[in-house]
Structure formats: structure tokens, C-alpha cells
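Which chain is which? They are A, B, C and D, in the order written, and residues in each are numbered from 1.
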């Protein structure tokens, strides 16, 4: 949007992140872990990690920055990126890009739109995206698209939490209902079991805040070789994913998040949030206690604090030119 | 978000706007006028105006830039601004800030949320906002809050289209249903007739693209005296209104608009759109032909073209530093 | 359905009704009065009246049989009868005859069916029926169709409770919302205020159980001169109204009522219920305490007891031929 | 409801049924077969069968009375009867008894009622009923509760159409969605696959009109030994099932059916309808062409004609005592 020579000052960022970690440690109201899976319910709401990776590849970390957690719904950002790369705008023939105004697992919404999910970040949308990625694969292996992509983005190996996979396999009835309903409308081409198996695995990828912030760099939309058509296309895609994160990324709390934080972001039920400051920074925050919309309570507060202090809202700087 | 000495180049903008006007003139698919009111149905889909006002107060105009049209739902931006100035966050005790996932006049949505409108840009939300503004007024006069505010912002007098007022008075049953339902839940404090009378008048304010773009400057969020607390608060408010425009401003096409254009904007059924490039520019575009979501078809295309050419998406520049 | 020489034995009925009144007097759980109107909220849950009028015009009364109460929704049976007499099956072009599966004042239901109410016993259906009756009337007088009809059926004068009329006038926002929404879909031809005024008055007609049971005789569907085509048509109409009472007469508790009591019936929020034993008896019961669906708690219990003791379910006798 | 020595006259009935078959043969508008399964889509809309079994066990048959068709949703009457016999009113802790106001396979309805199906005749209700019957069974065999019960009622062996079973197994995504959603709310205790397998089989039972009408005798609610408590309980249960058939038996056309025909009935998508004249007769009709609600078009017309001619509505006779 504007000429700019350099990214944010790492030392200033480091001090700010430490301040946020200190303040957060003293916060009594920490939200509650999800009851979606026993393993997640046992999460420790005292944990809190925060990492910023700048457009100049500076890594600034604070708190439990290297503690692993499972990606859960944050994985939907990466599967969407893969589908957009493979299929371009064809993706939108099978998934919408509107906020749903309903909970992430609303089956009513899916029925009233005749199996066409409102956006790729609600569960049925993510299932349809995954169904697209499955095309051409052998059904006797469960592919790990998102894990492979993350490994490529980060340059480190990543594990899948097999306990979470097992637990989720046996507690997935709402998602199976959604998948079957999408299939009844002809909007799922592979077997429900195959889509579910791949879905459960991508939710169970273990990452730390450091790894997640590194993986989010592709959304900053700035590359050195950005004169090439391919690079430009990458940046356009990143921008569009960011638009979806802003309008749909925090479930039924997306409008509130945009109002308070002003940054594109995607949350997961394990307490992680990936946020983007376009052209400037990728941010990962994690704390297992959730608010009433299922987003990390302290993670959201930390992002609000960070956005305010750095003047980072996409809706305008308040100290322009000063 | 970034240091910057100057706004966009007016001469380059002028050439670009002329190009857009020329291309638009040749577009065959122009949408259809609304059937909401006979006066609006008679609108001329050949008309097209586009005006940009930059952060340095340069006015760049093209096409039917001085042709007046009625504000309709764009008025909701200004009544919200007045309510936020008067009541601050108390506004959110009576209206939400989430995209609704439903049409702008959905009464189902209002009933399922027990009279608490999802956001201030759907009709029931605008009615509740207006109800707040009515507090303390005498009920024997219909106040023109938005007109007075616009006159102050623009420095010119503005007329209210009395034919539209008459027409709307007699065709307003859905809005009356919404107002009565809000009242049944205790979320409308004044008489339905009083709120409706004020609502109809604010929708019928006549502005040109030039006037609307000038009025939109307050959303750019940059003031010369921005060191004062009051100025900072003004900028925060502008930023927050912009966040609501982005998530909820184009009815049930807001996600799509964010994806394609990437700018906060608010549309009206008469074919006008007010868009904001944070810190940089206020844009007004108008063409009476609408798309299937009720937003100006050519207006949206023009904004997409302008955003692309100027690299103006809030979700990131693709040519940073070049 | 079967040959039969005589109606139920009045003396046996009288003993049974006294038993029911005695048992009812000792029942601790009596439901709660509605909070819909202050006047109704003040109702006395100790009151209980029960009257049966047989096909041989025997009147058997017990309890507070002559205490007046307002008709409320029971009036919908009589306005429907008038509309069916005047318009025949044309009524069904503007109102459906299916149970709604939603509360009686659900606006969602009306919106999703585009202003076509599901049946004549939910509020919007009653408003549309009344709109049909208004055709040809002068709008400067509020007609009392139902009162006039009841007076004709009973042969006694009936008052309208003006306090209830006043109270309801000022607390009627949900119904006004429904009327406006119906009008927005073109399914209300008269002014909302005119329809509302007539509606409020028909709800406020004062009747006793004795009067109501007498008025319900027309639903028994047996006339002495039943060989004439007009009489046959009357009986067919009565039968059809009874079918609607059975499927839709107790709001969202109609299925449960059919299961337990097995008789066509229509309830009102003031605690009255009119029930029909086809070919045999008209029954009125009244007690102001309501159950969770808004139907008289003790009234329903009494009808269950009476139906069981007299073997009166339309779904079959258990002691046939004995 | 009334003393009565004898049932309907078989000879008169026989003439009437022949008349109906003749008239039906000349009817041009015959509805369309369902597209739910290829095997059913291929049904012949020229086929029409009608059988009445009286309370005196007279069998009166006409048309294609011995042509077999699959039970489909009519099976729900028999599985409900088994569940009520085994569990009594406990059934209603897991299923409701209200008309749904929504299509038979609406998942929205199930979600909004938190997995508690509105009644046992919509698909999720039937699945929950079946889940109750499965208690205590070994999961490695698929039980045929309804088939066994029908065989007992009729005294003839009945086949299950294995082609329909196969076809339905592979086209059952909506039902699987419903079952999974019920399970996600804790209202399905067995594995989805086990419930689905039993469900598919009960839908695929082959019966003729003659067999179906014989099976329906248990709903007439008159037994020779009806003085015993067990017999009385049987009759009460039959009466209650009949009440559910009347309010919920014809999907979202139940109110209309009650209005026109006035008899408790349950339809299936293969074009069969089982109807009951309490205390007097069990009726089966079959013709594969359906109306817009999924009920047999000619079957409904035939029942309307029969009810009119025999004066059989539960809502009252028009020729009482003549």
C-alpha cells in the first residue's frame, strides 16, 4: 500500500512481547479449555506463547514459544492455500466466501445452502476443500497434504499427534454428519471415511508458535523476486486468503475480532491463532483457554495489545507520518 | 501502518479514473435497478460516476460525478458514527458487530437473536442505532441527524428527496415489521412511527459522488492535529467503523467484496458505494444497476479495477518498495 | 361414523364432571398465568370451570361454569368458520393448513413461507383470515365479526373487555410485526391498523364456559335437517374445522394433546379450551394456569380425564360394543 | 365411541372399491415416481391397488391388490409399535410427538432441537426408535424387527428386496447425516452403521396391499378379549399410534390430508399408504406416482373418495342416525 524501506524494529518488538508475556501471566481470567476432546480439555491455561516473524525474517519470541500444540482449524488456512494453488477460482464453485453468521459446525447453514458451504473455514467448507485435494490420490493411503506443505514452508519435520487422531476418530459425529450431508448434495466426491481420515490428521499436526509464525510468512505477501508473474500470483493469493481470514477466520466472533484487533487471523480450538500484518509480519500466539466463541482468550487480548502498540490494524494507522 | 510522506499522485489517479469511465461505458452487462421503490426502479443504468478524495484533499472526479442520488443504506455509516461518538461502546449493548450471513432485511435473524440485530448495517441494526440517536428529542419533529452531519462534513447544503420519502413511507412494511419485532423484544425505546420517519428521511438524502467522497474523508483516519487525545479517539473510531464496513458493509456479499476489492465499503440500493483506503483516500462510486446481492454492479467492478491498479487492498501491497 | 340413537347420558356426565372438579381442586400443580397482558397475569389459578353440551342439547356444568374470561385465540375458530362460509376453499390460497412446528407467533416461519401463514390458528394466519373478512367494510368502524357470530350461536349478548382491548393495543408489537411482514409479501390487503383493531377486539370477547360450549355446538356436525345440501355443507365445514383444531389447535403442543386427549380442540392464552367430540358433544373448560406450551394445564388434564372416562377419543373407542 | 353391532357391509364396499379402481384408471394426472432410488423411479404409475379389511375380518380387494411393493416409511408405524410395547412412555424421552413443520429429512429441525427428533415418523425419529429396539442385540447380525412383527401379524412370510437394500446402502447420505447428528447429541447409542443397516432393511420389506391391510388390523383397536388389562393397553397403544399417524403421518402434508381425508394414515415413498378407520377398518392403498409432498397422489384421492362415500372421517359423520 505504501513505500517502505524496512520492517518493524526487532528490539522494540522483543521488549513489547516480553511486556505482553508479563502482563498476561498476571491475568486471572484465562478462559476455559475446550471439551471437544479429552486431550485438549486437559490443556494448561497457564501456558502462553507469542512469536512474531517480520518481513525481514527476524524472529522475535516470548513465553512458551517452543511448546507444541495441535493445529486444529488453523490447518484450514494451509489446505485452502493448496487448493487455491491447484484449482484457482474453481474452488469457489464448491465453497463460498461469505461469513456464515452461524457456528462453525452448523448443519442448518449447510442444508439451507444445499450443501454449498458458506466459506472454507467452517468445518464443511474445510471438508470440501480437502475433498478437492484428494482427487487423484489412492484411497488406501491417508495423505498429509498440510503437514507436507508446512514442512516445506518451515524446513523442519513435524509430527502428527496420534492420540489426538485416535480420540478425534471416535468423537467426530458432527463432522461426519456434515460430510454426509455435503455428499448427499453431491458436493463430496470421495468416500466420507477417506475425507474424514485426512481431515482428522491435518487437525492433529503438532506445531509450536515459532513454527506456526514461520509457516505464516507466505501470507505476508512480499517476496524478493516479486517481479515475476508467478510471484505476483502468489502475492495475490496470499492477499485473498488474508481477506477470508479477516471476514471468516474467528468463527462467529470474526466481526468482533476485526473490530478489536483489525488483523486477518485464524484460530484453532487448541488455543492457537495465526495472524498476519500484511507486508510486515506473521504472528503466532497460543494459550489453551478459550472465549465463548471458541477463540483463545489471552491470544486475542495479546493480539489486540500488540496491534495497538505497533499501530498495526489493516484499517488504518493512527500515527501516520509521525 | 507505515511511514509515508505523501498521498497518491492526482494526475495518475485522474488518468486511471478516465480509463475506468471509458471501459465502463462499453460494458454491456450493467445490472438491474432495484424494484424496492418505483423512483429507484426508474434509475438509468447508463449513469456512472467515480470520485476519489485523497488524504491531501485532492479531488479527482470522473463520469457523472455531480449527479445526485439518494444515500439509502450508505446513511448507516454516518448514523453509526454519530452513535459511537455519543455513546461509545454502549452502542454494542444494543447492536452486534458480526456479519449476519442473512439478507439485510432478514427478520428470522432478528428473531433468533431475540431482537439484538447482528450489526448496524442490516436494517434492524440501523433502526436501533437511530433509536439511540432519538433519545431526548421531541417526538413532534423528525430530526435529520445524518443530513446535518453530512452538511457539516462537506460544507454544502443537502436536500432530502421528498418523493422518495413519500414513496418509502408507503412501501416500508418489512422495515415496520423489523421495528415492531425489535420493540417487542424491548430493543426500541421510541415509537415505531418516530423511528421509521427518521429512518426514511436519512435514506432519502441526495448526494453526488463528489459530495459523498468528501463526506467519507473522516474515515481516512488522518488528521493534522492527530496528537491530541480527541483526534486519536476520532481515528480509532474511524478505524473501527472501517472494520465493520469490511465485514458487514455489502450485505450478504461482503466476503466476496473483501476478496475481490479488499477495501472497507458500504453500498446503498440506489447504486452508490462509499469505500475507504485507510490513511490514503475516500472513494465514492455510483451506478444504479445492481448485482444479485443488491450492490452496484459497475461500482464494484470499478473499485476492483481501481484497487488493483493502485495496489490499494488492505490485505497487502503486491509491489511494496518498488 | 356409526349408527346411534342417543347421546351421552347427562346424569353420568354430571357425576363425572363433579368428580373432575373435586379432583382438580386438590391438584397442587396448577400452571402459571400468562405474562402476555397484565390483566391476564392477574388471573386466579384456583378458578376452574367445565361445561359439556351434548348433541341432544343437554347442558352439564360444573365448577366456575359462569365465570367470564376472554376468548383470545379461541376466537380464531369462529373467524375461520366465517371465512370458510364466505369464501370456501379460497381461504387456502392465502393461508395453509399444516401444523407449523413453531411457536404461534414465530415470524421466522412466516418469512420462510413468504408471507403465507402455515395455518389459520397461528397469529399471522388469524390476521390474514380477518383481513379477508374485512373486505367491503368501511374502515372507519371496527367490525366485531366474531362477537356477532357468537351472539347468534348462543342467543345471548356478549361484552368485549375494553380494558383488555386497551392493554393489548399497547403491547402488540409482535403481532404488528407479523401483520407488517404479511403485508410486505402482499398477503394483507387492508391497513395494518385496521386489521389489528379488529383482531384485538375479537380476542377480548368475554364468554363463560357455558356460553363457549353452547357456541361450539356448530362443530358437532349434526343437524336435524341434515338432508339439505346446505346442512350437509355445514357439516362438512365443521368436520374440516375440527381437523384443523386437531392438527394445529394447541400451538406447538398439538401432537401431544392429540396423543393424550384425542379430541379436536382450540386453546386460548386466558386459559380456555374449546373441545369437540364429533357427533356427540361440545366441551368448554377454563382455568387460567398454563403449561409450557401456553395451554391451560388443568383444562388439558380435565379433558384427558373426561375423554378417558367417556371413551371419547376420535382415534377409537376401547369398549366398543360393550 | 359409540355402540355398534356390526362393521361395514362387504358387498357395498366391494362395489365402491371397484368404482374407485375404474375412476382411477381414467385419471390422467397420476403424479411422478420418486427419484430417491433408481428402482423406485422405475415404478409404474399405472399400477393401483386398494384393500379394506373390516373389523369383522372381511377382506375387500380391488385393482393390483397382490402386487408387492416396498414398505419404506410405512415401516415406521410398526417399529414404533414395537418400541412402545417394549418401552412404553420412555420412548418419548428420546423422540417427540409433534408435527415438525419441516420435510421428513430436515437436518435443521434435528439440530435446532438438539438431536431430539420431533416425532417418530420423520427419518431421525425412526432411526432413534430403531436404536432403542437394537438394545441387547448382537451387532454382528442385522435384526429384522419389523419383518418378524409383520409376519406374525399377517401369518405369511415376507421377503426383503435385496436390490433395494443394496441401492439404499449406497444412497443414504442424508440419513447417515441425520444418524451422525443424533449421535453427536448422544441420542443414538449404537453404531451408525448398525442402525443404518437395520433401517435400510425395514424399508425394503415387500408387501402387497392385501398384506399391508391385514397387518394394519392391530390399529383398529378392537379385540374380542378386550376385557383384559393387556387388551385394553393394546387398544390404548393403537389409539395413540393412530393419533401420531393423523398429526405426523403424511410428512409435511399431514394437515392437508387430515382436512381432506380425515383418517390416520402413514405413507411411504414407494407409493403405499396405510390408513385406519378406528374400530372399523384397516385400509391399504398403493400407486407409485407421488404428489409434491411425497405421498401417493392417486392413493390419497382414493382415500378421500372412500372416506367421503363411507362417511368415515374421524372428525364426524354427516349422516348420523340415518
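The working rule: a contact is a pair of C-beta atoms (placed from the backbone, for glycine too) under 8 Å apart; a residue touches a chain by one contact, two chains touch by 3 or more.
This is a predicted model, so every value here is computed, not measured.
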Separation of chain B from chain D in touching-chain steps, minimised, is 2
Which chain's centre, taken as the mean of its Cα atoms, is farthest from the centre of chain D? B
List the centre-to-centre spacing of chain A and chain D in whole Å, with centres computed as mean CA coordinates. 49
CA centre of chain A versus CA centre of chain B: separation in Å? 30
Using CA atom averages as chain centres, what separation in Å is found between chain A and chain C? 56
Junction residues of chain C, two or more chains touched: none
Which stretch or stretches of chain C touch chain B in the complex? 106-108, 111-112, 173-174, 176-181, 183-184, 192
Could you please specify the touching residues of chain A with respect to chain B in the complex? 1-5, 96-102, 109, 118-119, 220-222, 226-227, 232, 235-236, 238-240, 242-244, 246-248, 252-256, 258-259, 262, 264, 277-280, 311-322
